[in-house]
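In the two complexes below, subunit A is the common chain; its partner is subunit B in one and subunit C in the other.
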Partner chain A sequence: MPIYGDLGNKLVQHAKRTQNLAHLPPYQTELVRAVTREVRELDKDVASLLEPYQGSFDPSADQATACTLLVNHLSMRRNKRCLLAYHRTRTDKLEELVWSGADPLDLAGLQAGAVNDAAAADGGESSSLSPQEEDYFRQYGDLLAAYKGQWTDIDLTGSLEPPRDLFIDVRVLKDAGEIQTEYGAINLTKNSQFYVRQGDVERLIAQGYLQKLG
Partner chain B sequence: MDIDDILRDVDPTFHTIPQEKRDLQELTRTWIAERSAPELLPWPANGLFERINSNIKRQIEKVEEMTGDMDPKTNFALIVIQTELERYRYLVRSYLRARIAKIDKHTLHYLSTDELRARLSEMELAYATRHQALLHNHYLSSFLSSFPPNLQNLNDTSVGLNMIDTPDLESAVFIRLLKNAVVRGRGVDADDVFSARESDIVILRWADAKPLVAAGSAELV
Partner chain C sequence: MSYYDIDSILTDAEKIPCTFQLDVPDLGYLDNTPTQPLKAGTRVNLPLWLAEMLVIANSGDIEGKPFVTFDLPPGLGNDVVQALKADPRAVPLRDQSPHFYGLAARLMELLDEKELATVLRKTFVVRASEIALHARKVGGLGQHKGKSAAEEGCNLGIGGAGEDFLRGLDESERKLFRKAHDGAKSGKEWMEGIKKH
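Let's look at the complex of A and B:
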C-alpha cells in the first residue's frame, strides 16, 4: 500500500519537469486516475469513520479518530491541489502553443516533438494529450481567435520584440512558396536571401521557414 | 520639462499639443505602468484605445493609398509612416499582452468582485469569463467530476488557505515623482516617511506606491 500523497507527489514532479521542456510529455492517465481514486477512498473512509457517531462526533472525546479524520481531510485536499497543479501546468503549455501559432487543427505537429514519427503516424492513441486536453486546445484556440479578431489591425500574436527596422534581411530555411508583398511577389526558395518588410514575414519567421539575419 | 509645459503652467488654456501626441504619451505611460505594476491596472476609460485604433486604421489606409506611387518623395514618407505604424502596433500589442498575462494568471481573482471586474475592458471580461469556464470544464472532465461533491469547488477557503491566488501587492516597483509629495514606505525592519521632490525616483512596495500613482503624484517607471 503506497503512502498517501505519494502519487500526488509524482504528479507534481511531472508538472515540474514539464515546465522546463519544450514539448509536452505524455499525459499521465493512470496516475491521474490513481490519485482521484485515492481521494474517493479517503472520502469513503471519512464517511465510515463518522457513521457510528450519527453526526454527533465530538473531537475532544475521541482524539485518535479526530486525528485520522484531519489527516484524511488534508490528504484529500492536497491531492486535489496536486491534480490542479498538474493540469494547470499542462494547459499553460497548451495555451503557449496556441499563442505561438500552432494550428489547432493540426495536432500531429504537436505530438511529433514528444514521440517519434512512427508513433505519431498511428495517430490517436500515441497522442501525448488526453482527449480532454485536445478539446481544451481547440476551444482555447477558438477563444483566442475571437479575442484577436477584435484587434485585427494590431496582430496580437505578433512579435513582442520592439520593432527596430522596417526592413530586415532574412534567409529562407525551408521552401515557403510565393508570398505577396506590396512591392510585388517574392518567391521564397530554400537558401535564398531577401531584404523584406518585417511585418510581411513575421509569421513565416515564427513558423521556422525564415531566419532573421543580423 | 519643455517649453510647452512652462507655457501651460502660466496659461492653462494653452493647448498646442495635438490630441494625437497626447494620446501617444498616454499610451506610452499606460504601457509602462501596466508592465511594471504587479497587478492589473484599470482599463483606460477615456476612449484612448478607440482613438488609437482609429488612428492606426487611418494610417493603414494612407499607406495603402500611397503604395504604388513610385515617386521617391512619397516613398520616403511611406517608410516613415510605416515605421511609426509598426511602433504603435507594438505598443498596443505589448500592452494588451501584458494585461492578458496578468488576467490569465489570476483569472478567478479578477472575476471575484465587481470592483476588480471593472478594471477589465469589455472584451477582456468576455475573454476571462470564457477562459475560466474552459479551465473549469477541463478540470471537471479530467478528474474533478469523479471527486466527492464537497471537494469539487475551485474557491475553497477551508484549512486557512484560499484557493484563489492573488497578485503580490507587496512586490517592489520604481516610481518617478511628478510633483513634490510625502512618500511612506514600509520596510522589513523599519518604516520610512520622507518628502520627495519632483522627478525623484524611488523604489518601494507597490502597495505603498499605489496611492501616489492613483493621485497622479507619481508614475511607474
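Let's look at the complex of A and C:
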C-alpha cells in the first residue's frame, strides 16, 4: 500500500531526469492531477477529524488525533513542495530555451499539438508542454523581447563566442524565406549555400535554419 | 539547500526505521494495515520528511514524549561505520544510499553522535581527494595519447581500477567529480586556445 507522498516523489524523480536532458520531456498531467487530488483528500480528512472538536482541539489531550493531523499536514506540505519543485524545474528549462533562441522544432510541435489534439492523443507529434507552460513560454519570450528592445545596438542573446571571421559559409537546412542584409536580399531556399556576414544570420543558425560550414 | 532543490527533496524521501510510541487508530496504513489501528511499538520505515517532524513534535514539553523514536538506518549502521574507519575509499556509499551525505547530515542534526560525525567528516575528506585525483586523471589522458584519447576518456568516464570507486560515489560526490573534471578540462582547453593565437 503506497503511503501519501509516494506520487509526489515520482514527480520529483521526473524533475531529476529533466535536469540532465537537453529537451523538455512530456508534462506529467496525470501525475500532477493525482498529487493534487491526494492533497484535497488529505485536507478533507483533516476537516472531518477536526469537526467534532468545533474549533477547540487540544493536542495534548488527544495525542493520537494530534499525531494523525500532523502526518496529514506533513503529507500535504510534502506534496506541495514536490509539485512546486517539479514545475520550477520545467519553467527554468523553458526560460533557458527562450534565451537560447527557442528550438523551432519544439515550437512546431507546440502548434501541431494545439491544432489537432486528436493526433496528440494518439501519441504522435504532440506538445510536451502543458497549456499553462505554453503560455509561460510565450509570455516569457515577450518579456525578453521587450527587455532586449531597450538596447538596439547590442544583441543580448547573441553568441558569446568572439567571431573569427566577419563572413562565413552557410548551408540552408530549411527554407527560411528572404532576408534583408546590407548587401541586398538573399533568398534562403533549402540546400543552397551562401557566403554571408555572420551577424546577419546568427539567429537563423541558432534556430537551426542554417548550418555553418568550415 | 533551497526549497526547490531536487536532490534535497529526494534526500527527504530516504527512509529511516522508526518506532511509534503511541497507539494511533487512523495511521494503520503506514504499516500496510489500513483497517487496523497502529499500535505503540510498531516499527515502520518512514521517509525523512515525515519522521523528522514526528520525532521533534512534542519534545518541547516537559511531560510530552515524541510520537516516534528512530534508529540509524543500516547505511549508517555499525558495519558501515567500521568499514569507513578502516578505509573510506573501499566503501561504495551509493549502495548505502544515493544521498548518503545528505541523509547523514540530516540525522546528525537530530542526534548527538560526535564519533559518527567525526568518521563521516574524515570519510568525506579522504574520498574528496581521491575524487579529485580521478577527475584530473581523465583530463590528463589526452596529454599523453593525443586528442582522440582525451575524448575517449571523457566519454567512458574512466576505465580500470577507479571504475568501482567512481560507481560507488553518492550523488553529491558525483557532482564534485563532474565539477573537478569539467574544471580540469576547461583549463586545458583554455591553455590550448592560447597557444593557437
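Just so it is clear, the second predicted complex is superposed on the first by the 139 of 214 C-alpha atoms of A that agree within 3 Å, B and C clash if a C-alpha of one lies under 4 Å from a C-alpha of the other, contacts with A are read in each partner's own complex, and residues count from 1 in each chain.
Just so it is clear, a contact is a pair of C-beta atoms (placed from the backbone, for glycine too) under 8 Å apart; a residue touches a chain by one contact, two chains touch by 3 or more.
Here the structure is a predicted model, which means the values were calculated and not measured.
On the A-aligned overlay, A:63 touches which partner chain: subunit B = first, subunit C = second, or both, or neither?
Second partner only.
State whether A:162 touches subunit B only (first), subunit C only (second), both chains, or neither.
The answer is first: A:162 touches subunit B but not subunit C.
Check the residue A:13 against both partner chains and state whether it touches subunit B (first), subunit C (second), both, or neither.
After superposition on chain A, A:13 lies in contact with subunit C alone.
Please determine whether it is subunit B or subunit C that touches the greater number of subunit A residues.
Counting residues of subunit A touched by each partner, the higher count goes to B.
Answer with first, second, both or neither: which of subunit B and subunit C does A:143 touch in the superposed model?
In the superposition, A:143 contacts subunit B only.
When the two structures are overlaid on chain A, which partner does A:185 contact: first (subunit B), second (subunit C), both, or neither?
neither
Now for A:151: first (subunit B), second (subunit C), both, or neither, which partner does it touch?
First partner only, subunit B.
Return first, second, both or neither, reflecting whether A:74 touches subunit B, subunit C, both chains, or no partner chain.
both
Where does A:89 make contact in the superposed view: on subunit B (first), on subunit C (second), on both, or on neither?
It touches subunit C, and subunit B stays clear.
Tell me which partner A:22 touches in the superposition: subunit B (first), subunit C (second), both or neither.
neither
Would you please give the residues of subunit A that touch subunit B in one complex and also touch subunit C in the other complex?
Shared contact residues on subunit A: 74, 84, 88.
Show which residues of subunit C lie in contact with subunit A when the two form their complex.
Residues 3-7, 9-10, 12-13, 22-27, 29-30, 32, 34, 47, 49-50, 53-54, 57-58, 61, 64, 67 of subunit C touch subunit A in their complex.
Which residues of subunit B touch subunit A once you look at their complex with the stated criterion?
53, 56-57, 60, 67, 79, 82-83, 86-87, 89-90, 92-94, 96-97, 100, 104, 123, 126-127, 130-131, 134-135, 138-139, 141-144, 146-148, 151, 154, 156, 158-159
Over in the complex, which subunit A residues touch subunit C? Could you list them?
The contact residues of subunit A facing subunit C are 1, 3, 5, 9, 12-13, 15-16, 19, 49, 60, 63-65, 67-68, 70-71, 74-75, 78, 81-82, 84-85, 88-89.
Provide the residue numbers of subunit A that touch subunit B in the complex, in ascending order.
32, 35-36, 39-40, 43, 73-74, 76-77, 80, 83-84, 87-88, 91, 95, 130, 132-133, 135-136, 139-140, 143, 146-147, 150-151, 153-156, 158-160, 162-163, 166, 182, 197-199
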